[in-house]
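Multiple structures are listed underneath, in structure tokens.
Same chain, two partners: chain A is paired with chain B first, then with chain C.
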Partner chain A sequence: MKLSENMNQVPVGPFHPLLEEAEYFNLTVEGETVVDIDLDIGWMHRGHEFISEQKTFTQSIFLVERICGICSTSHPLACVHAIEDVDNIEIPERAAYIRTLVGELERIHSHLLWLGLAGHFIGYDTLWMWAWKYREPVLQMFEIISGNRNHYGVMRVGGVSRDIDLDRVKELHKILDTVDAKIKMIAAAAPDDPVLKSRLVGVGVLTNQDAIDMCAVGPTSRASGVPWDVRKDEPTDAYGLVDFDVIVLQNGDVWDKLVVRLLETLESTKICRQCLDKLKTVKGPILNNVKEISAGEGIGRYEAPRGEVFHYVRTDGSNRAIRHKIRAPSYVNIPTYSASCKGIPIADALITLAAVDPCYCCTERALRVKGEDPDAIDFVKLSREKTERIRREIHGH
Partner chain B sequence: MGWYNKRLAKSIWVFHVSASPCNNCDIEILDLLTPKYDVERLGIKLVGSVRHADVLLVSGVINQKVAPMVKKIYEQAPKPIFVMGVGTCPSGGCCFNDSYNIVENREDVIPFDIYVPGCPPKPEAMIAGAAKLMEVLNG
Partner chain C sequence: MDRTDRTDDFLKKFEGKLTNVIRKPKRLYFVVDDKDIREVAQYIFRDMACRLSTATATEVYDAIEVLYQFSHDPSGCYFCPRVRIKDKKNPTMNSITPVVKGANWIEREMFDFWGVTFKDHPRPEPLLSRNHPNKLDKPLRFGRVS
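After this line comes the complex of A and B, so read on.
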């Protein structure tokens, strides 16, 4: 964008005290108002798709888990869905409940994490400390289920790797009750808070049309009145067997995004409770032994806390994928900045940027920057070239 | 520098450098500040500028794009500065050793003084790492 006389550029990053990950924004401002936003990513690119194509299926589940520390169930889950899709592999019922339980616990921890960071971004550290304090028991639940606070390693092709015995189910029930009570407390207190409200209502509005045009997913789109949720639209695992609502709000501002996430957290506790109840009664194996995966293609979808994550694998009958394509939700949510950030005061810019809960670790796998001038890269061109390359690979001409 | 290090050990201020991690180590670092672990009681404080820092917490496998920036940050830091590698990523490369985009030798980019392995390390392990560092500083 060409700068006129009274425009200035404000660079943010790549290392900035408020940003947890390395990322670089270039805000063009006129006075106080943001008129344009540019963003440079690639600081987190580690080449997952490339590495995954050299690993066996089971190894690549561990690898995709490490795409992002916050979605460390969503990626493996979408990945195993994709691999299972190749051969239409069924999973045992008990495994389905465990998968859903872990997935929903992750949503609780991720949304609480976002809530805390959102508070931190607007300088409201009390909310941060609160939200993270009550997130701790969720991590404790993960430790009981999987032995690790993050990166659970629970998903396998054909089921899950760990069972949860009855004593643990009871223990988890107890912890869930405390978490639930605390979330309810936050959900009741936060909307009444005048600071939060005056800071967030009407800020960074993403209109319904923009959300549809830009293909926004997850809470970002659901706060703008687009009722898309993979869990409801195409239920996998135990989502078809449990009862829950999809939260949809209409205004599209940061406030609505916050409320969507809070209410979703409550829905998640509801799902978790149902899963735990079922784990008491539904017995049976947790893993179907899958000997081999035949040649073919498969897609896997899952509603991650940030939106739909999509995995595609192509196999040739060996024990590894010959093509593994990953599409993370932040990648489609990030372009909504151009709609929601323009025209707002610069002080509101950061919370608007944070409101889509962007995860750059997820996003940055698709671009190779080495040896090139990063400014000269044309994303559209690269992406088209990539599509063309894949088309040629598949069709052979 | 012994006298200086001893004073440093009383209250180390840390700056967090995320050099292409998976985010998990970073959220565990932030976790340290929240009520359950609350490292501020030990004098450890997360600061906003590298110029105020005594210790750099580096997480991640340092990819080609971020490496020059990490180097720059190290150069900008007031010396003596100590570098703590958080997680398996800086200590062993985790599962990214086959990647085309990571630097070959992380120690060339930034000289690590102490590693805390684990994927991600538990906050307790990070506190233990910091305690060891303090021990060394105290001589």
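After this line comes the complex of A and C, so read on.
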């Protein structure tokens, strides 16, 4: 964009104390109004797609689990869906409930995490402390289910890797009741809060048409009146067996994105309760024995907290994918900034940028530095050389 | 909400323009000629109101394949047009970004990693490797071309 006399550019990032990840926005402002935004990504070098194509299917599930610390169930779940789609593999009913339970718990903890961050970004730290305090029991539930607070290692092609026994189901029920009560308390208090309302209503609007044109997904598009949710559109696992509503609002502002997430959290607790009830009665295996995957193509997706996670695998009949494509929801939601940030005061830009719950480690899953190129920089080597240089400077030899 | 599967209507509409059709439950993969891709993409996106999930470039033994994955959300079906680019050294094809705005980043990524040049793309420049620490003289995933 050509700058006029009254315009200035405000760079934010790529490294800044406020930013959790490396990200760069170049805001063009006229006075205090944002008139243009340029996004620059590619600051993290990860190479997940390429590495996954060197791994077996089971190893890939562990690998993609590490794409994102928050969506650590969404990626493996979409990945196993894609592999299962090649041969239309079905999973046992009990496994379906376990998958859905873990997926929905992830949604609760992710939405609470975002809610806390949103409060923190607008200087409302009470909300931040509340949300993160009540997120803690959800992580304890994960610990009960998998032994880990994050990276649960539950998903497998054909089912799940671990069962949940009856005692633990009862324990989980108890914790869920506590979490549910607290979320209801926040959900009742937050929408009436004058501070939140005055700060978020009408801010950073993404219109319905822009959401459709830019192919936005998840709460970002549902807050703009786009009703799509993978859990309803293509109900895999136990989503066709449980009762829940898809939350859709119309205004497209940051406020609606907040309310969508809050109400979705309540729907998730509803789904979790149904899954736990079913785990008391539905018995049987948790994993179908899948011996091989034939040559073909498979599409797998899952409604992650931020929107649709998409995995595509192409197989040749061996035990690994010859092509594994991964698309995280932030990849399609981040470009919506060019619509939602224009025309707003610069003071509102930060919360508008945060409103899509962007995840840059997901978005930049593909780039790799070292590989076939023999001249590529080896960061480990550089780091060792630097340490050695400093050591020599200090010790003089 | 109309959740009808529109696969049959689509196949009828583009009869003669689609080859190598693979039909699976809720999945339709087909090869389409480069000159027709924009028309097909426009029909899928505008007339059928599908959403572009993403696109995938793959290197096969005789071509670079670009596969667009469109989701027809009401029915949960996927429509996947595939363009095969025979010239592996200078892969070029028509961009669909002029008709599907959401294809902007993914086409830039395929240009970035696979060297596919998209004609009429509004911003034909790398997406992820703009700030790469190395000076890149070839696309990052182009090394396997024999």
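The rule is simple: the second predicted complex is superposed on the first by the 364 of 397 C-alpha atoms of A that agree within 3 Å, B and C clash if a C-alpha of one lies under 4 Å from a C-alpha of the other, contacts with A are read in each partner's own complex, and residues count from 1 in each chain.
We take it that a contact is a pair of C-beta atoms (placed from the backbone, for glycine too) under 8 Å apart; a residue touches a chain by one contact, two chains touch by 3 or more.
None of these values were measured; they are calculated from a predicted model.
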| item | value |
| --- | --- |
| Which of chain B and chain C A:128 touches, first, second, both or neither | first |
| Touching partner for A:228 - first (chain B), second (chain C), both, neither | second |
| Touching partner for A:301 - first (chain B), second (chain C), both, neither | second |
| Touched partner set for A:88, first chain B, second chain C, both or neither | second |
| Touched partner set for A:112, first chain B, second chain C, both or neither | neither |
| Which superposed partner A:312 touches (first chain B, second chain C, both, neither) | second |
| First, second, both or neither for A:21, with chain B first and chain C second | first |
| Touching partner for A:325 - first (chain B), second (chain C), both, neither | second |
| Touched partner set for A:70, first chain B, second chain C, both or neither | first |
| Common interface residues of chain A - those touching chain B in one complex and chain C in the other | 14, 42-43, 50, 368-369 |
| Chain C-facing residues of chain A, complex | 14, 40-43, 50, 85, 88, 212-215, 217, 227-228, 233-235, 297, 299, 301, 308, 310, 312, 314, 322-323, 325, 327, 331-332, 335, 364, 366-369, 371-373, 375-377 |
| List of chain C residues in touch with chain A within their complex | 1, 22, 24-27, 29, 51-54, 56, 58, 67, 69, 71, 73-76, 78, 80, 100-102, 104-106, 109, 113, 126-134, 140-141, 143-144 |
| Chain A-facing residues of chain B, complex | 16-28, 30-31, 34-36, 47-50, 60-61, 63-66, 69, 73, 94-96, 98-102, 119-120, 122 |
| For the chain A and chain B complex, residues of the former touching the latter | 14-15, 17, 20-22, 42-47, 50-51, 54-55, 59, 62-63, 66-70, 72, 113, 116, 128-129, 132-133, 136, 149-151, 359, 361, 368-370, 374 |
